[in-house]
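Should a chain be cited, it is by its letter among A, B, C and D, assigned in written order, with residues numbered from 1 in that chain.
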């Protein structure tokens, strides 16, 4: 039985705790820590069977019986806690992104080099059964050479403006998942990016210096083309689709729904809306990614989403940000050179 | 250029007239006759380019330049006019059913034997591009041996009770098309039928001695099973579907729509309703069946829906009627023997 | 924490054991018994964390700490073990059917009357998220009054003939689930049934005295009509669909798939096959039904599928069997009177 | 009866001739001209009932009884013939594009100003029943304010390289239809365009100086964003889809198929491929656009696709061409200023 410690008991920390306790064999959550630990969270943790509850996460890092930590704290603490956990010799599953600051990611990369620590970044969509099926089709050659990759990724509603302000902007907060999906689906690297966008959902998002609607085109190393479209508000739910088109055909993934019920009446023939949001759509993927990480730890194999996979989407995101600001295509190389990569 | 005369200028007569004048090459409607010819119909006929307009259909039968007649008059006149047209040596396309009375159909069969007249019955669904594609799949062996044939056939709304009273009952009026589809899709013959039904749409239909909702099961000669479900009222439009299931798989046909537009919003993901009713759903089929008949005349080949194909669904319909009345399975043979067939 | 004992460690016993151990909070499988307990099963049980492993199920009935038993043994032992478990004061979840012999079901009913034992029958489909959504739509009045209920239920392949011989026949073995679904979806009772069928899959099934393909029509108390079609072999997987059609519209449920991937190429536009079989399609339903039963025990509320719900489909199945044999519609009342019900 | 003269008897000229002769009431093709008129075309024309067959199109322009000309000749002659036809006082339906040279389009615009001639450009997709339904939904406010417009437009196979060389390049030859669709679907104007592309289908296309795969992003005046993806080769047929996403929801149009047949077997659940190519997909639209033009002539109302609608996509196409060449976003204004617009 592997002991896990979870750092951060917010929404995503709770998701992982419940997922491990209920669905992951051979692992248990021994401890959870959060600086804002409150009575409700304590009650929840106890009900989940988690007995060690802390405000200071160092208690987890100091616990010799804990082999794995899940870093689910706020983004600005990910790299710092990663470094401490590496020092403590814990295997690390870190929620995305590692950091908005590439230099801090570099520090984590450096520290990992001299350690035996397994490190996985929380790009959960790679573990979604639908996207995995599409990826398998691409890998199996069913579409031939990839020509055009299209990703549609829209949230059901915008987060509070207070969140937007510290989010790093739409490209590092929301599109970062799609940048990862471009790499995952294509098995290729992005070379250049161009972004257009606007404030079409809520002027307050614009006042906070961000946009809420965007289209990003990407050139891949192989010559294949990709495009992502994002919006912070889709009235019909969480819209998460992928199409990979190639020399032999296309594989497409639509939206999962709560049920397959279709009602026909005088108004039309109506199927259900896509699942509401990421917790609903990707619940299985959250379990699968942690299961995959535990297996990598147990079998001493590489993790499926390593620190480089954590870095690359940040670089693409920074390129997209610069592209939008200066209204020009930006090479990833340009960003890499800024950071001596 | 083949000259056609149309007998009966009601809804279906007009459909055929427009279809021939607009879509059928090498044929023209030279004359149209209807005992209730009125100013509106005369104006319509002239606009369509039909110059000879009669109240007495015998004028059509007497016209040496007319080679083909389409019998689109009321059902009770079909067999009588068929006999007269055979005498006059006209090729005949007769709307379904030939008659509700098997003896009168037998007279037509007898008269045809001693003539060179081509005779086709208006089972239009055989010429629908969708059902043809399903039939082709079955014929091509794509589902292997047929095991189960399912037909769903529901009207958008019930006809007036005055019509119900003279319709011959749901099985001879509405299900007759589905009985023909069983034969068409299977390429097989019906041996036995059992029907259940009720008055679930409108009590007035029950008072008129008919039912408005039914399920009919059929045993085919090959051992395959079939089932039809009917209702006089589907709020979402004309529901016309077929599923043929066999040893290698299944072919299914859904409902045609006016467009493929799908709207996603807070209410769900909504496609269009099926096309409203038979004119909308089967417009192409009405043209195709007459085209097919004209080709049979021109090439002197057998018609695709001959007088036997017109008889059989009537026999099945009579068996279904008896089955419902006596609540027992009825063999088609039992009906045939009644009529010395 | 509620202690559960599982009687029978065959396929369905294992499904329930894994489901409880992994997905059911507040319950654990304390013991499992099977007369044919072997090394592989013992190893499996230990890995699942089940420590008490017996060949004699009486050990479970004698264990004061076990509150609930799941009867997953062969059908012919269900009623006997039910009676013993009632005597032992255990709450009982019994796999379907309770028995093929109505008299034995009556004994269980009688014994339950004088006890405080909760009793639930394993009609798992009632707990499938898709069928629940359809049922909710019907209950919520979205289709108005039910007119026609259609159930398509086909297995991917036939079981061994050795199983067929002791199965009680297709209606008591396979269609019994569909008879339950008719009652569940309609909220109504079946009054009369008529069945046609044949041996279209495998002659050996016919030699064993059974059929492999059937269509069953049913008249419901409300006047609504229902139809079920069954086949033991669908090359494309487990075909499990429902359509409920009524005065205001229709709700339909299609087949669940492993993923939503759709591949377009020169061969067509191809979606995945339905999930392979019942374990794949109804895994979630197996967990949900036991969860529901545990809640009924904990909250002392009625179970969602009680002993009457276990009896009724057997009566309908016996009526269908008689109908097929004598080729006539059979009233459920006729069967009930045979058994003094 | 309106007399029409068709200039150009290639593929599209023939389509229009057949469409008018068969499906358009109140109009007839009086004459057809083509410099390369051959025996096969003469035979075809006679069979269609077109009696006046010329090599010199001036015969058509000189015919006082011809009110309308359809210019279906090679692109490089469109503007010259347009000018001559304006002088001759003929109403003009001109295939797209008017010209690749904006100055020549300007000459046509100038000539039209001083005439009473109706002028319509052959952007047939505006008359497709599916895209019309989507446009109607947008106009009716069903998606609220447009935020993101996505157009997928892929040919089943590339034309010969000889054609590619004189085509004006992918943006003026193929994407020009999509640029028109952006304007049609949005009811808005394009302000800026950015294009990426590559040679992924056939190196010979690259050697001819063109690309075969592209993604184009567009900024619209309202702030809405649009994206088009193109490829010259889709193994599964002519892929023509539109999604319009807005503040209240989304309307999407998929691909039309020859039939709705869906075959389920051991390989999956397979629907038909999209219709093969433009003649199959847009046959109805070709008739509808000419019908619409004839009505504009008869009722003296504006045409639905006027000369400005013919000009704009050319400007966008030139901007896209420049964008691809210089790898930068290009404002439409920049192109307009080049031509003094």
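Here are some notes:
Quick note on the criterion: a residue touches a chain if its C-beta (ideal position, glycine included) is under 8 Å from a C-beta of that chain, and two chains touch if they have at least 3 such contacts.
Since the model is a prediction, treat every value here as computed from it, not as a measurement.
At the interface between subunit C and subunit D, two copies of one sequence, more than half of the residue numbers in use appear on both sides, so the contact is built from largely the same positions. The chain with its Cα centre farthest from the Cα centre of subunit C is D. Subunit B and subunit D have centres, each the mean of its CA atoms, that are 40 Å apart.
Mean C-alpha position of subunit C lies 58 Å from that of subunit D.
Subunit B and subunit C have Cα centroids separated by 42 Å. Shown for subunit B are the residues that touch two or more other chains, namely 234-236, 239, 248-250, 263-266, 272.
The part of subunit C that touches subunit A in the complex is made up of residues 22-23, 25, 129-130, 132-134, 137, 142-143, 248-256, 258-266, 272.
Remark: subunit D residues 145, 147-148, 150, 152, 154, 194, 196-201, 213-215, 217, 219, 223-227, 229, 231, 233-236, 239, 245, 247-250, 327-329 touch subunit A in the complex. For subunit D in complex with subunit C, the touching residues are 234-236, 239, 263-274.
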